[in-house]
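Here it is, the structure in full.
Letters A, B, C and D mark the chains in the order given here, with residues in each chain numbered from 1 onward.
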Amino acid sequence: MCRWLAYSGDPVLIDDLLYKPDHSLIDQSLHSTMGAETTNGDGFGVGWYGVGDEPGIFHSVEPAWNDRNLREISRHIKSPLVFAHIRASTGSPVQQTNCHPFRYRNWLWMHNGLIREFGRVKRDLMLEVAPELYPRIEGTTDSELFFHLALSYGLEQDPPAAVERAVGLIEEVGREHDVEHPIQMTVATSDGTRIWAFRYSSEGDSRTLFYSTSIETLELMYPDSEDLRMVKAKGGLEARMIVSEPLGERLPGAWNEVPERSWGVVQPGRDDLHSFTPAAPPRRAHALA
Amino acid sequence: MCRWLAYSGDPVLIDDLLYKPDHSLIDQSLHSTMGAETTNGDGFGVGWYGVGDEPGIFHSVEPAWNDRNLREISRHIKSPLVFAHIRASTGSPVQQTNCHPFRYRNWLWMHNGLIREFGRVKRDLMLEVAPELYPRIEGTTDSELFFHLALSYGLEQDPPAAVERAVGLIEEVGREHDVEHPIQMTVATSDGTRIWAFRYSSEGDSRTLFYSTSIETLELMYPDSEDLRMVKAKGGLEARMIVSEPLGERLPGAWNEVPERSWGVVQPGRDDLHSFTPAAPPRRAHALA
Amino acid sequence: MCRWLAYSGDPVLIDDLLYKPDHSLIDQSLHSTMGAETTNGDGFGVGWYGVGDEPGIFHSVEPAWNDRNLREISRHIKSPLVFAHIRASTGSPVQQTNCHPFRYRNWLWMHNGLIREFGRVKRDLMLEVAPELYPRIEGTTDSELFFHLALSYGLEQDPPAAVERAVGLIEEVGREHDVEHPIQMTVATSDGTRIWAFRYSSEGDSRTLFYSTSIETLELMYPDSEDLRMVKAKGGLEARMIVSEPLGERLPGAWNEVPERSWGVVQPGRDDLHSFTPAAPPRRAHALA
Amino acid sequence: MCRWLAYSGDPVLIDDLLYKPDHSLIDQSLHSTMGAETTNGDGFGVGWYGVGDEPGIFHSVEPAWNDRNLREISRHIKSPLVFAHIRASTGSPVQQTNCHPFRYRNWLWMHNGLIREFGRVKRDLMLEVAPELYPRIEGTTDSELFFHLALSYGLEQDPPAAVERAVGLIEEVGREHDVEHPIQMTVATSDGTRIWAFRYSSEGDSRTLFYSTSIETLELMYPDSEDLRMVKAKGGLEARMIVSEPLGERLPGAWNEVPERSWGVVQPGRDDLHSFTPAAPPRRAHALA
């Protein structure tokens, strides 16, 4: 179980996003109120778009609340699109290659939740990863394998369809192994321009997910952010956040909850919410047999 | 703020001490109920006597709850005298040299609490450390400096008197810098044979400290420990624990609280409790002037 | 490319094995003379048998030459059977789960060398791992996969045959992917009583491997080891070492080189050297098709 | 003993500075040819000016050659003034607080060399640090103490005079403790606009130090750097590097060696080289006595 945050909009200091709010992500690493665990101290990661074609990634196995390097890079990097994730391990080792966000070319991916009974279903799922992608898997988490399944099913071409296929497969394989509720998830993925967010669980009782589109809301959350003040002064309206747990207690009404079994896309122009329907694709392993 | 545990008695597996009890020290690293913080995730340390003249020390900056090396050495080392400490930093960096227990020759030292306004008083306190001991200070904590003050005042010859002098100095220097309550502490120190434990605070409202002398109590806490079963079978009566927070909820009556402003010694034979009275020694820096 | 050492005999302090010789393993971590790289600073590991049924393992991603915890446990643990390994990564991430020795139940395994073009052959090799063993793979090295192939082929029942099958498979799969020389290896594995050591490479030009059976040799290498003096005084003759690079320059004649394409077993009584002949087993994946 | 690099000029990707040259700083971390040690694997640090008033700092205790986070931030941060340092410990612990560059407000400082017999002279030197600066010292290196002595003597107002005083003190205290050659140093320090570089040793046989002022030279060293191509295209002439060891073997004539006992300043306009003359200031401790 984990907590995550995604920001898209005019460039802001990462520090403003991670440390400034009342109930910031860093604060949540010690005192999450809505997560399955109160402590998320098993590593963290930040991904950001800016210099270069690929996004940058910073992963650490230390608890986020005391990591000096995270503090430093947060104070010295501005970005228009940021992913941040704090991890509470569900069993896999605490190591950098198990930290989110994961990256493939210009894509980032992060996940809160789990593939249940992962040890039992892992091999069957791994067989469905495209062979040319398989050697790129560096860690041992369910989340990274999930990402590579989505990539195998065309994430770069049609993210919602690819995630629906990956989740369909995970549920099909889970049922084959008598797993009652195979998947629990909120997911965010981005190509550097848009962010897709997903909320789903096999049991229909998914982890929380919230979004905020109003610049006024963000400004109230971040009263000390000079960047956000300037965004507003310029008439900027494109600053949004998607979070697994609201930041700050002061503005409960400012956050919109993403409904169960749905996905949305944050992009220049109008945002949309859609229904999410898993759909298992034909199996690669079956084709071999 | 931290949590600690000291064990003395027939040799037991460190694993039995750290992981087996209901509310074990490792569990306290995530969910302390009596500490000033609920999470103690800023490093930890274990010290043990056994092979060799000096005690062994294992320090790590990772949270104890997920550290695999701690788990490994705990399962493969038996010892008759063990110190264990989990840290919640009060500001100094999370690094191995700031982890307890600290060692000097055959002595171990660990501390829960703090020297208040440490930045303001540190230099004056450092001046009182014996010059030949000064370069041995490797970290930046108040606790390690406190240890070296006690060593400078004769810890190896008369531990209670040395700690009373060190605390007297800390209070005197604190008052000179207008610090209202200069020190808050529970301390354990050992020469490999005896353990001295101290409970004191300038404000008379000290951190908790408990001890357990009955082998029956320990056996109930550690129902799965084969070593403790054998200790009892052999008629062993010398197994004791001193803890900053009771392990397990099942036996509240089994723990004795160490009174305010007191110290005790755990040793073969009879244990004793004594009153603790800080007494500032003459100042080295004043002698220079 | 890596360096390793295995010791079997009367219990000695790990410190004597790792730090005392002239050209000790720790010294080799900075200045290897016979390895493919001069620096082996990408993590290390120690495994030892003693307390408990399973061997203990200590893994670290820090360079061995400065790791304080390694120094501590080395000085405070005695063992009759020790594996130690220093790593120079051939590409996979520097993380504890990629450090040798690897463990399964009472077995340890360590490897110097590589499976060539691992990214291309990894998936086909992974398919041959027994499905019940597959989820136990925690890291991303060729060496850990190699270990799980040997386990799948009966390492616990007949180590030489199992390793010959695993190497046969690796060569067969390599050839299918046009890899000229699929494997380069020296391997040590143990069940806690015996040590099997293997030297082989597809190109017939394998990494070096040496063994020493004479207690006089060991005594000369470790003039400061009180344990070894006592072993000799008691008439002990069972202390042996197997190393990827001789320790110390003083005794070139004291080391026997293990021949190309051979394996040996170190056990109570007489040691033997045998020819090593890879033999690919039937393929699990082919059976599916 | 360490290796370092300082860059000043039009903004470039840190990656271009650290990884691209033939004999880059990262390569020197494994294979230094002119340093006192061939391996510099005991931590590293990067400091850069850009976003925010203070420079950013990234410190790590892992060897630079395999650190993924260093690679990431190097590829995603551009800066007009960069310090980079790789460390070979002369005894003090490998921890982030012992990594260079050190920072105070807008100032950075890094040092190659050592204060000899530091354990013997440390206390006397520490007494001369301004009491208000003393609690800011976080690590245990000679280099950080040296920085705080220079700050105590007015580094922010007159860097050359402050460093001359600090070195004068170190030599005076060293002689009092019968240290034959108290200091060996190359030092770089910056306020974000200019870089001062110093080369000196008590024995008159100082660590190497080189500078390069010609944009043509830099371009030849970094044939793949798009930023440097653009700098030249724009007629930029202000790109300079100062290094403890030349980067690349191809251009031996392109580097100018900084003479013994001298200091220089890199700044917009003309650079200058001056003679360096240590001058011990009055002692704070003596004033107390």
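Remarks
Quick note on the criterion: a contact is a pair of C-beta atoms (placed from the backbone, for glycine too) under 8 Å apart; a residue touches a chain by one contact, two chains touch by 3 or more.
Computed from a prediction, not measured in an experiment: that's the story for all the values here.
Of all residue numbers that take part in the contact between chain B and chain C, over half occur on both sides, making this a same-residue interface.
Across C-D and A-D, it is A-D that has more C-beta pairs touching. Spacing of chain A relative to chain D, judged by their CA centroids, is 40 angstrom. Within chain D, residues 68, 93, 96 each touch two or more of the remaining chains. Within the complex formed with chain D, the chain C residues making contact are 30-31, 38-39, 41-42, 61-63, 65-66, 68, 89, 93-94. Within the complex formed with chain B, the chain D residues making contact are 92-93, 95-97, 118-120, 122-123, 126-127, 131, 134-135, 137-140, 285, 288-289. By the touch criterion given at the top, residues 13, 48, 50-52, 54-60, 68-69, 72-73, 75-78, 96 of chain C touch chain B in their complex.
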